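Two complexes follow with subunit A in common, the first pairing it with subunit B and the second with subunit C.
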Partner chain A sequence: MRKALLAAAGAAVLSLGVAVDARAQDIKIGMPMILSGPGALFGEPALKGAQMAVDEANAKGGVLGRKLQLIYKDSKGNPDEAVRVAREMILKDEVDFLVGTFTGAEGPAVSPIAKENKIVFIAPVSKPDALTAPKNLHPYLFRTATTTTIEGRSAAELIAKLSVKRIATISPDYAYGQEVTAAFVAHLKKLKPDMEIVDQQWPKLGEADYTPFINAQLAKQPDAVFSSLWGGHFVTFIKQATPLGYFKRINNNFVAGGEAGSIESAKAIGDDYPLGIWGNSYDAFNWDGPPAHKDFIERLKKYTGQEQPSSWPSVGYIAVQVLVEGIRKANSTKSDDVAKVLPGLTVDTPIGKQTISPKNHSANRGQFWGKMVKDPRYTFAVMEKPMYLDPTPFLD
Partner chain B sequence: MLEPSFLFGQFVGGLSIAMFLFLIASGLALIFGVLRILNFAHGSFYMIGAYLAWQIVHILDAKTGGAFWLAVFGAATAVAILGALIERFLLRPLYGREELYQLLFTYALVLVLADAAKIIWGTQQLSVSRPPSLAGASTIFGAVVPHYNLVIMALGPMVAALVWFILHRTHIGRMVRAAALDREMLGALGADVGRLYTLMFAFGSFLAGLAGALVTPIKTVNPGMDVEIIVEAFIVIVIGGLGSLWGAFFGALIYGQFLSFGILIFPRFSIFSVFALMAIILVIRPWGLFGKPLSR
Partner chain C sequence: MTTRLPRTIPWMTIAFALALFIPIFGTRFYTSVATDVLILGLFATSLNLLLGTTGLVSFGHAAYFAIGAYVCAIAMKTFEVPFLLALPLAGLAAGAAALVFGYFCVRLTKIYFAMLTLAFAQIVWAICFKWNDVTGGEQGFNNVPYPDLAWMEVLPGLSRMRVGELYFYVTLVVVCLCLYVMRRITNSPFGRILTTIRENPERAEFVGIDVRRFELAAFVIAGLFAGLAGALFGIFNRGVFPDFGYWAKSAEVLIMVILGGMGQFFGPLVGAFTLVVLNQQITSYTEYWPLVLGLLLIVLLYAFPAGLLGTIADLVKSLRGRRNA
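Up next, the complex of A and B:
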């Protein structure tokens, strides 16, 4: 029995070996991505965007005459698992580059693996500033995601324009929620010293019932709130806050980060979406942007078969695009060469020019913000005239 | 800030958390109390109940209260049937084995059911609106209380009373209590212990499915809700005492109030007060507030 098993395993390894050899000429990109659990809702379209970028590049004859190949594995939204699959892709699949990870914990966990193996690693979604802070930055690490600084400051810019005085925050109590809220508070104090932070709530990530937090917040009588609850947490919060009269009490002066304006969240909340609040997302299919963006959305519709495509493919697409431009500019598929040309590189992406800062290896990636409204053309709430908030003016 | 109406609002908020938690923890406690199985998959039954409730509302495509309640009881019943099948055909062969095998089995079930739910319903976040008749809220002593939460707060004690009545005032309840005490003896007396176990497991699963279906108007239905809830349910039954119905009831009440008022004292550490309480109870009374020390 054991012999038979060994033989079968051997055969499997051999057949795998043959399959790998046949594609040895491909440039391999390894993508650890969250494909199970609650985050899969966003990880799957992000992967789809990366695959679309790869397919488009291959349709145009590949890069440096070689085809691109995307190898992906489920990171389960867990830093340990992300590290394990990243290692596996480097050692077994012999990927040339890593593009991927999702949560604020996964990116920083995979970064040292990239450093250790001297492989370029581009993080398309991980936001925490700590990822590219000076003590953690290394030559192989890059980020096309937005950062907690950019997102927090964007929200502060929006709230500073409202005629409000008493500001509150509600954020999940972990790295992302803490960092983005700190960035928001610091920037708001700079913009509007007379605005006062009257309350901060820190429910745990995945809190089942926000009622006590909502009551405690309302008791402090804020007139505007910044939130960084995301995904299902945001949806749950909305469903519980609305009947408590929360949004009426703050006059809909609610600025929600954490991609609250993405169609995934809007669809989940459906008719219960509190119209008039502010949300954000990585992309917006209804953006009245440049022709390049409209063209991208048309291609995305065809590629995904969705009439109103998700905002998440954008992150995977742009990350692969930046890598491809890096390979072209370096005229090499060696990570050492690509890592040298990426800092300072500017790429024409569907959302406009993105430049990788030589200082912190992060792109000037802003997000789309807009007031959530009901548009008769769609069955779910959308951002009204979504605007791309370019972070360049308020970055250090 | 500490006005009576605000404090009352926090109290009611904690109470509604407690009653949701009790609905889910009661089934867990019952199954452990009778079958001596720590059922990790209880959270998965809760998740399946939520998905099924969404599915039924979706199929009926009606936003009436009737459709909602039909969905709730339909989902809970379907989960009960699923639980009965799992107990009868998968769990029963493991009763003679070490407890570790049963633990591993229920854990494996968590993974299998999570994947099954993903295959059937995808990764989409789903949501059910409140039944229209319960969509509003009332102001009670200055605190806003959604009507739906009022119904849940009434339902919790009703379920507790019903379970207590079944266990203590019916023939089948006496058999169940006897099975919890001495399974072999009950079998030797001619009772069909196997069927009793299946029935209890199905009933526990029904409560999980009921909780899952009832939570859909106030919470997102998505993958991962199974694991989120099981941790909280375990905290509740550890505080109250493993396997004790009233333990689950008061454990949930204490959990809700500690969370509600804990955030006023430690706003940075919302879950801290609950964990601190659990740690203290584990040190001074490891069998929980209402549990009994193991005699072995």
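Up next, the complex of A and C:
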């Protein structure tokens, strides 16, 4: 009897020890994110969203009985620095997964590091098609960001609905601008063969004076324009185009990609925002969407303490959510196992169902589009009745 | 009978021998940091050939680093050239570019020279950024392959190492060879002439030295070694990006040289080590790293006016002098 008791006690102690050990072992997620310089304006809220997803999962008891831990480091918007911190997180902090990177260069830069170390890497913001093109795709790489193809085609869908004939584009002359514009033009030609591309302007990235481009474009008399100028470039463009009567001349038929409808862009432009043009963003706090989204926005308001939360937390939140669902489904925290279940996985996210395509490991992530208006409740322009453009119907 | 000890301690050989053990006793992380330090140390030392030895301030040294990186990466990935050929090719390409750019730069002096080097570097950056078909543009030239290092596994002690650790040894050998050659160059009569030019270009001219030609030669040699550093870094980084040629990279390497001490041959290597480690430590704790790093650099530059190694060397010298007196 005594022996049995002792054995039981011993077993209890042992199992307790194991339990404690398991609890101590957090599931570590590494996040390289742009947290300094001008890009921090978007990187900080994206990180916040990821942190919120981690905190929510932990409040519900974690994943597979283990807590999640988010380790983040500043990628500085530099591809080589992103590689360095990704390596540091894998080799020193021993993260189990990577979720992060921001620019179109950082995502493709970190991808080979994930492959080399066999660590699942989910890119929440990097848009280039090349990231998940067949020659670059590998079993550990996934993307919950939208792509240049989706963004360009979404804009084409919008312009195809307008009663216009002469279309023009203005985009920064580098990989992102070229890719998204090519996707736009190709899709528009398919949708409306009678619409004509009358002009394409390619200011260099970081152009300070858009006047010559604006004048040249107006001379071709377009009815509608697609733009992929983003962030500060878009702000500069707007400030120079409005006084030249640019938006009046095209009757506000201006469809602006590059998250021109985000709060950050709207706040930066302030009262000069040309009302009536179309903008997009990754999320919209004023979306009249499903209850799950309204609930998400309420939680986000509490979490960030902002009455009108940014659209960027959504990208970090959904990326972590997809990873967590992957861990649950694989019933394992090993990257090798999670990498096997992620292709084809469907996750209920605040913006609706997101499915990771088995073909290119990318989610069917669309964006919110809407006409920019002035709402007396807010101090900045917002999208009027923002709508989520589900890209599934027009994806290959 | 007494055995005669060598007068100076062979620091370089000792350091090389110690470095051999990093992948064996250190973690994979330390091996990766050491690789980073070695490559950037080579890059900084190549700049010091201009800055410390010849007295030429280049604000565009990253251009040759980028050219070397792109040439090696494109040769290895697109044309499947073996590493043993791609590496010298990268150095030669960077050296050739330095010859062309340098031809114009050495015609100017002081700040005008610096500005022209910067202008050429920005041209290189713009080409890398724009030429999508060849360089991959802004998204960079990715998935650069590691050299085929399977043969190294037959070497004693390296049989079960990963390619990252094996690459460290490749880097160590290449960097040490480059440093050895550069040290020989610095200490050669040619190097002495460069120092003469640094001290007094007018006087050098009067003595009969073709100052421009020697400056151009230094510029080409520095560009060549920067290209080799770039080639090594592109493989280590697994991707090459236009940022490699951006002015910020030129500034970073300039800081390494000044921080370590441009009066010492190994100063830039110490500077590279310090900056890499500081950056790694500070960014692990705060995203306000520019503030902390900036303040630390100010303090270091004030406390070590001749650079870290330079000030230490001065100190040792004065202590020895006192003892001998």
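Criterion: the second predicted complex is superposed on the first by the 372 of 396 C-alpha atoms of A that agree within 3 Å, B and C clash if a C-alpha of one lies under 4 Å from a C-alpha of the other, contacts with A are read in each partner's own complex, and residues count from 1 in each chain.
As a working rule, contacts are C-beta pairs under 8 Å (C-beta built on N, C-alpha and C of every residue); 3 or more make two chains touch, one makes a residue touch a chain.
These figures come from a predicted structure and were not determined experimentally.
In the overlay built on the shared chain, the residue A:T236 is in contact with subunit B alone; subunit C does not reach it. Looking at the shared chain after the overlay, A:I113 reaches subunit C, while subunit B stays out of its contact range.
Contacts of A:P203 after superposition on the shared chain: subunit B is touched, whereas subunit C is not. One of subunit B and subunit C touches more residues of subunit A, and that partner is B.
Using the contact criterion defined above for the overlaid structures, shared-chain residue A:A160 touches neither subunit B nor subunit C, since it reaches no partner. Legend: residue contacts after superposition of the two complexes on their common chain; A:A186 is shown touching neither subunit B nor subunit C. In the overlay built on the shared chain, the residue A:V85 is in contact with subunit C alone; subunit B does not reach it.
Of the two partner chains placed by superposition, subunit B and subunit C are both touched by A:S36. In the superposed pair of complexes, A:D173 makes contact with subunit B and with subunit C alike.
Taken together, the two complexes place residues 36, 40, 173 of subunit A in contact with subunit B and also with subunit C. For subunit C in complex with subunit A, the touching residues are 27-29, 32, 36, 129-130, 132, 136-140, 142-144, 163-164, 233, 237-239, 241, 243-244, 280, 283-284, 287-290.
By the touch criterion given at the top, residues 1, 3, 6, 9-10, 13-14, 16-17, 20, 114-115, 118, 123-127, 129-130, 135-137, 143-144, 146-149, 215, 217-220, 222-225, 228-229, 232, 259-260, 263-264, 267-271 of subunit B touch subunit A in their complex. Listed in rising order, the residues of subunit A touching subunit B in the complex are 36-38, 40-41, 44, 173, 200-204, 206-209, 211-216, 219-220, 231-233, 235-236, 239-240, 243-245, 264-265, 267-272. Those residues of subunit A lying in contact with subunit C across their complex are 35-36, 40, 73-74, 78-80, 83-85, 87-88, 91-92, 104-105, 108-109, 111-113, 116, 128, 130-131, 136, 173-176, 178, 205.
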